[in-house]
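Chain naming follows the written order as A, B and C, and within any one chain the residues start at number 1.
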Amino acid sequence: MSLALHAEWTKMRTVASPLWLLLGTVAATVALGAGATSVVNCTANGCGGDTTKLSLMGVYLGQALVAILAVLIISGEYSSGMIRTTLTAVPRRATVFAAKAVTLTGVVAVAGTAAVLGSVLAGRLILPDLGDRALSLSDGPTLRAVFGTVLYLILIGLLSLGVATAVRDSATSIGVVLGLLYIVPIISQTISDPDWQRLLEKIAPMSAGLAIQVTTDLDSLPISPWAGLGVTAGWAAAALLAGGLLLRRRDA
Amino acid sequence: MTATMTPRPVGQRAGRDGFLQLVHAEWTKFRTVRSWVTGMAVTALLVVLVALLAGVSSDQKGSPPVPVGPGGEPVTDSYFLVHQPLAGDGSVTVSVSALESSIPKGPGDLRPGIVPWAKAGLIIKESTRQGSSYAAIMATGSHGVRMQDDYVNDTAGLPGQVSAESPRWLRLDRSGDTITGYASTDGTKWTKVGTAQVSGLGSTVQVGLFVASPPAVEGLGTAGSVSKAVFGDLRLQGGWTGGEWTGEQLGADSPTFAGYPDNGSGSFTQSGGRFTVTGAGDIAPAVRETLPTGGTLRDILTGTFAALITVIVVGALFITTEYRNNMIHLTLAASPRRSRVLVAKAIVLGAVTFVAGLAGAVLAVPLGERLARANGVYIFPVASSTELRVALGTAALLATASILALSVGTIFRHSAGAVTTVLVAIVLPYILTAIPFMPASVANWLAKVTPAAAFAVQQTLVRYDQVASHYTPYNGYYPLPPWAGFAVLAGYAVASLAVAAVLLNRRDA
Amino acid sequence: MFAAPDVHSLAGMEATIEVSGLRKSFGRTVALDGMTFSVRPGLVTGFVGPNGAGKSTTMRVILGLNAANEGTALISGKPYHRLRHPLSHVGSLLDAAALHSSRSARGHLLWLAHSQGMSARRVDEVLELVGLTSAARRKAGGYSLGMRQRLGIAAALLGDPATVMLDEPFNGMDPEGIVWIRGFLRSLAAQGRAVLVSSHLMSELEDTADHLVAVGRGKVIADSSVADLIGAASGSRVAVRTTAPQDTMRVLAVAGATVAAIGRDTITVSGLAPDRIVTVLNEGAVPFSEVSAHRATLEEAYMELTRNAVEFRAAMPTEVAR
């Protein structure tokens, strides 16, 4: 396993695109969050909303770049045929898959932490001084939102890796992933039955997972923050399981 | 006579400059990849399936009917009315010396505030039936005196707010179906505000004083308001029956009525010629915020978002697969004028997507509408020309998105990056506008300059200046007219197609 | 010019590939239909047959990439997935184009090395071995076909394996490269390694292969040493070089021989001993410059071999698309 891990890490650092995608994730996340905080109107009473969630809004965009990275890790090998070289070097396919997942988790954790801390810092600089509590890592809910958002990005990466391993084609994989993330919430809005709508918000990977960012009005959430992140984790686990099983069963 | 023979290679068909042959070749390429053809079928299917989902999942059976105005549009016809009948012609005059509104700042905590379209004035109405014809003249919170009739028509009169120091006198004259409104600052010198032709009034009409107070638009939401007006100098001329003044809240159960805030209720008191009337609600066309349960064609066509995914994936793959297995060499060897290859691809892809999108939309709209209506959902009415525009526009949106994906795919030569870029460019702005933090100015800016502007082709709702609301893309109101919004997306597609052509020509294949 | 690596890892290791009874179908297409053969150490085994005969599929099954429906493929007695550090047991080259085009040759070999717990020093050694040192840090996407083949061979040798398996290594090589690979394969076998080389062109294996496994339609149609094959194909035939082939054929036929023209001035004769042929030609006053025992080419031996495999020759198997 450690050898496979070393190989995957070497693979990742010997091409340029993962680094650019990770830097892009940080830049996109911070930029969109900063943009969102700079347009909000704040008064002495506050900013009329959840400033933590607002500052972290960039993950809506950042997650797309994480998804590309995760998809390319596997579909890039399928499109070139290099997957056969990989599986010849490490015949235990579960080991290859786990090594890829661990490598991805590592790099997304680093980039995600940078992106999230950058967003919070940008929020603190842009928003007027809101007292000690807001956007401070010493505040429990804010810390949970920050930490949880990094976990969320990792889970989106793993979800994408699983989908891409099952689907193999990069364009189709990214379509499936972005569809799950972006389109399901939009479609849930057409459902006028509020119970159904709430249910969809509870089970969709993005809307449930991003509950982790909410620091105010927790009672109005369809799902509690950690349970929501758990739903996203469930999606990631299901995708990894499906991808892993198919990788083991199919001819390479 | 000499017979001339033009040699032509065996089996080659005539085509101007061979471009038609190029298009034919690209069409053959497209239709022989089964997954692409399936992708297009799925595109149409997704549009239809989501329409079915939207129709089936809604259940509003047994909800009170939506009031519909004389023009067929949904209306709000809920306010406090103090009225009595008038038989035949006549006129009514009144002064308004106060119009004060209150807005809740917390549960049960009503504070004075400004409701720009709070209304207090005179009305002549066919009957108290919801949605019946009327003409009215009124003082408003901050839009001066207005003359309005049949919900959608609005004419400005004297400007300025009313107060005890600066009251307004209002007058309505009825002569058959013609109602004329006058306003005055002193009760003697009258200015005509407007004349309304109100058909179908009948001989006996209801005349009276009304106070309406639409929900205040505050920040990102609305808050139900209540307004109190003081009337005096009530004078009647004509066929009055001499009955008592009756006060009632009209349309109390209407779905377009938001109700009174806590600790507020409608009432009127009369002492001599002085009336104090408190009311909430509005007499105006309904907009999305006043009728949130109403459906639109845009809701039924939400599947467009899902269809975008398949369209963009196929569009990007149409070129990137050629790069991946170097088939591009063969393609460019067969047709060395590279930009023409790109244009031929764009034409084939655009045409196929347009057909698939149109098929989806044409099936989805009537199916979704029928299902939704069967479940008691009110659908905002649209003219059939608008319905055609929405269907064609949806197909054109999908086709243009696929061409954008083709162009970006040519630029990137990489499918995952191309798919993500195009999908994010079109869908993410829409999602951002739907986030409750987004100020309307930002949402409208996004809906003007990003490719998401094209969703304006699905707009069927009408914006009314005399109704304060959040006219945001999220609520179905786009800042650009339908085809102008589409032109933004088309602009992106054409620009990226041009960049792609330049790069294709310049780069080594 | 290119030295083969030292064979320190070979001691005590039985380098073999044993394939027995492999069957594999893709949908309705039968790719392998009872493929059985073995590859022995110290020999270059040619794996020959037309396109679609099942050569690549067999190699993929050996490497555990494709799962066989039936049968086993063992490397030194173990299935591939049970090998620890498999690249030090079997080095393989399946598709030289299977590279990440924006990764350098060195980066490509480096991740492979790391997967086996080897150091970067070994990477530089094999790069030197195949003559890619100067291009090692360039993106592999810009490599010529020949350079990619060299990189693929470097990857196959990375683990200094006892068994080497190459799928069509001559494809895209220039004449100099072909000569290089031939010498290389010979030296690998001379070090005691088992070498399996597939090819659909018999001439490529001329003077290289010691043993031949010929396949068609997913099964072995011949499995024999090259010397035996050529001996059998040459038979008792005699080659006659002459400036008057028509006359030669006529007089020899009259004398009871079976004759065939195989070149502008060369005729093969069977049914007559060489000294009798000389006598007949002298009696008929037919000029000739050489009478010698005929040695068949590998190509001829192969055609001879497959002449009897009617089933195989009746219809070429359709290409299997994986």
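We take it that a contact is a pair of C-beta atoms (placed from the backbone, for glycine too) under 8 Å apart; a residue touches a chain by one contact, two chains touch by 3 or more.
Model, not experiment: these values are computed from the prediction.
Counting C-beta pairs in contact, the chain pair with the highest total is A-B.
Taking the mean of each chain's C-alpha atoms, the chain closest to the overall C-alpha centroid is A.
Subunit A and subunit C have centres, each the mean of its CA atoms, that are 50 Å apart.
With centres set at the average Cα position, the gap from subunit A to subunit B is 34 Å.
In whole angstrom, the spacing between the mean C-alpha positions of subunit B and subunit C is 72. Of all the residues in subunit A, the ones that touch subunit B in their complex are 36, 39-41, 48-50, 53-54, 57, 60-61, 64-65, 67-68, 71-72, 75, 79, 169-176, 178-179, 182-183, 185-187, 189-193, 196.
Remark: subunit C residues 60, 63-67, 80-81, 83, 85-87, 92, 94-95, 97-104, 107-108, 110-112, 114-117, 155, 322 touch subunit A in the complex. Residue ranges of subunit A in contact with subunit C, taken from their complex: 3-4, 6-11, 14-17, 76-77, 80-82, 84-92, 251-252. Residues 50, 53-54, 57-60, 219-220, 293, 295, 299-300, 302-303, 305-306, 308-310, 312-313, 316-317, 320, 324, 377, 415-420, 423-424, 427-428, 430-432, 434-439, 441-442 of subunit B are the ones that touch subunit A when the two sit in their complex.
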